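As written, the chain order gives the labels A, B, C and D, with residue 1 at the start of each chain.
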């Protein structure tokens, strides 16, 4: 009898290998992993959502109701708005769903405006205010100005800027190349972590099996493609 | 012929296989690809090499699960180096609650309890609460701050502790951390007592510390996993950092080779079309 | 009254907002309708959909993995939904099958409504299949990714559009799209994922490009006015940087002090 | 009737946004607690949205099973897994219970880290396919990527100590110029789009123009 820890390792390694087979081609093993993953994560999200509604809204409402705290009682509103979302399937009461969406959208957009103007705009302008006493700072300033001018969309205005927006486009491409390469180390550490976890017995025995299945499939497909 | 056909139709699969091999081979069989030794790492190595019998090395073991991957290999490599130096005494201390767990794990991994004798060659003080103030009082007088070690043994029973009073008796301090506490040792041990201080840091903390290094205030820095790999090579004991860096190096080389190859093919194809 | 450290935020947000409102007003009254440079990626969307229709293969769209109340990428998601409206209408017109893959549950009812409205408006309401045209894949980043990958392979999509707040799954989705031979247009304001799209997709709307596209894809031409407002705001930023740097060289920290206030 | 609700939606959008924006500028305890409550409300409403998702999934995959489409066994697998996770979570009453923890760490965690790590493989195929020197822009992109790779991997410094230095210069330049402009643009663009939605000029994100 295998204990639950070994069983867990065997199942998870099988899943890891099944997911990796997508690199070869779409196949039943990947589909099993994929559908298991979708089912599991949706189930997980349902559990979380139920607990969230209970802890974030229902309990606050209950205790608010008991103590007469108005902001607690008010938590009935998001629960009603939550139910409103389901009216979008009704052709007559669809507008109710829009109210709930309006609330969520308002929260998201205003929080984004708060944060992005503060951190992105003000923070970055602040960072760019270095005294022009070194060649480096002068080059940086020209670079950031060009890159900003690339994002000017009004055609007459962008023509006035001459070649600067074009230079800005190159600056952006340079940035993108650098940021692309800079993510690689982190991504590699994750694969290395996964590989280290499957290169241990008993998980390790499954790897040759997976490779054999893939190689067999390659030959079967070659034969059938040459036959037809 | 067959190979060419497979390559042109399934070039992606061939690339994936290549990447898998370049990651898997070093994990089984570390190659020990050269990792250029930075002078910051060498600073730490030379400092430890220069320690004489009887010198006390203080190790700040502020490792946590979040920084484990980067800092723990450094910690292992430095401890190994110190354990090899005959007569050098090691004092382990930390100020995070997780610190003693990682310190004990490292001591067990290195078999320290059998290689050296606890109490005469090394002492684990566990963790001290109270941030910079605690470091300050530790530097002023170890015995007035602490009465017992990590496992509860009285310090007076440990022969090594008899010769240690204040930070003046520390030969070096090396702090492993990802937080502001490296600053504490610099303020308390270096600034007040002149004790040389060095760091083992995560990559994001390095730029701050580099300024101290350039100013000559610290003797060295071990930078992230690559620093650990350099150190493992210096002490000729390739371990998890070297393995990880091998895989990283090979994979990066593969990426660069792929970029070059695709451009060579692209340029030659364009020429033949013309 | 003002919260310490928020004076500069309030001033800048107000000034920028006023500029945008004025530009919108001028455009709606036809006093000044700006000529907006159209991103090549927008024409590419139409081209990709046309190509899919010729090949008889479907079009797939993902509005990202950020919810509509996300504190950082809500704007990104909103822009993606605007583009979804455009993509939906174009695909219906060209007769190709549209598949929208959704991750955040909050985006689902919105996307359903948008696509359903588009089908009804084009007089093809019967082609909209509940649960299938707009598919809820999984609220989990990786559950969504695996299912979107599988969907692209199985449906053999010929055009794939990735907009909105995508995270680490960006490259995986884009490379899978390339593997199945789809023409791809993407856009995001997640600066760490933009490089992935640029490398892997045929056209990429970089950061603000996507947010501006949301305005000029609007059927109401007056909305283009706001893009001109954005331009003015950027020119002010350029001026602040240049003037501030010159002031700093002269030893004055007045602008820096303002920004920190 | 519909007209009133339409106005209500627009009004809510405007009022809620203004409350949260004003809360950022002014330090006022009443405003602050209102803004916090509103943000929490959005999360609660969002939690309800999952029901629509689950309904949509059951509709689609249930249909596949009922119609015996070729892929129906996978749909069945999906629905069964979903059911098992939901029931286990609800019966054990917590997502930290040992049983739930076991199924989660056995089924979900390995797949997540596998997919995340798969990025490394796609970086390889993207490197081969996409980094072609088709234009000057593409050349800039690929040259800066190569130098950054040589900076990060220790092998670069072995070939020549100058390589990591060039990579470092490119990295600093990229952060101080392109990234800065990109972030400023995104801030301004989000403000513009946000304002249009908030004042009711852009209705698509609410569920299509009506």
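Everything below uses one rule, namely that a contact is a pair of C-beta atoms (placed from the backbone, for glycine too) under 8 Å apart; a residue touches a chain by one contact, two chains touch by 3 or more.
From a predicted model like this one, the values you see are computed outputs, not experimental measurements.
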**Top chain pair, ranked by number of contacting C-beta pairs** = A-D
**Complete:** Cα centroid separation, chain B vs chain C, in Å, comes to 44
**Asked** Any idea how many Å lie between the Cα centroids of chain C and chain D?
**Response** 13
**Prompt:** Between chain A and chain C, what's the gap in Å when you average each chain's C-alpha atoms?
**Reply:** 15
**Message:** Suppose each chain is reduced to the average of its Cα coordinates; what separation in Å results between chain A and chain D?
**Reply:** 3
**Prompt:** What residues in chain A touch two or more of the other chains?
**Reply:** 19, 22-23, 31, 33-35, 37-38, 40-42, 44-45, 85, 88, 94, 97, 101, 104-105, 107-109, 111-114, 116-118, 121, 125, 128, 144, 148, 151, 172-173, 176-177, 179-180, 183-185, 188, 191
**Request:** Could you list which residues of chain C touch at least two other chains?
**Result:** 9, 13, 16, 67-69, 74-75, 77-78, 105-106, 109-110, 112-113, 139-140, 142, 146, 154, 179, 191, 194, 196, 198-199, 206-208, 212, 227, 230, 234, 237
**Residues of chain B engaged with two or more neighbouring chains** = 12, 16, 23, 248, 251-252, 255
**Prompt:** Which of line, ring, star, complete and other names the graph you get from chains that touch?
**Reply:** other
**Item:** Set of all touching chain pairs, with the criterion as stated earlier
**Value:** A-B, A-C, A-D, B-D, C-D
**Item:** Contact footprint of chain D on chain C as seen in their complex
**Value:** 1-4, 6, 9-10, 13, 16-17, 20-21, 24, 67-69, 74-79, 81-82, 84-85, 102, 105-106, 108-110, 112-114, 116-118, 130-132, 134-136, 139-142, 145-146, 154, 168-169, 171-172, 175, 178-179, 189, 191, 194, 196, 198-200, 206-208, 210-212, 214-215, 218-220, 223, 226-227, 229-230, 233-234, 237
**Request:** Enumerate the contact residues on chain D facing chain A in the complex.
**Result:** 2, 5-6, 8-10, 12-18, 20-21, 24, 33, 37-54, 57, 71, 74-75, 77-86, 89-90, 94-95, 102-111, 113-121, 123, 136-138, 140-149, 152-153, 170-171, 173-188, 190-191, 193-194, 197-198, 205-207
**chain A - residues contacting chain D, complex** = 4, 7-8, 11-13, 15-16, 19-20, 22-23, 31-53, 56-57, 71, 74-75, 77-79, 81-83, 85-86, 88, 94-114, 116-121, 123-125, 127-128, 139-140, 143-144, 146-148, 150-151, 168-185, 187-188, 190-191, 193-194
**Message:** For the complex, give me every residue of chain B touching chain A.
**Reply:** 12-13, 16, 23-24, 27-28, 69, 244, 247-248, 251-252, 255
**Message:** Considering only the defined contacts, which chain D positions touch chain C in the complex?
**Reply:** 21, 24-27, 39, 42-43, 45-46, 49-50, 52-54, 56-57, 59-60, 63, 71, 108, 111-112, 115-116, 118-119, 122-123, 125-126, 129-131, 141, 179, 182-186, 188-197, 201-202, 204-210
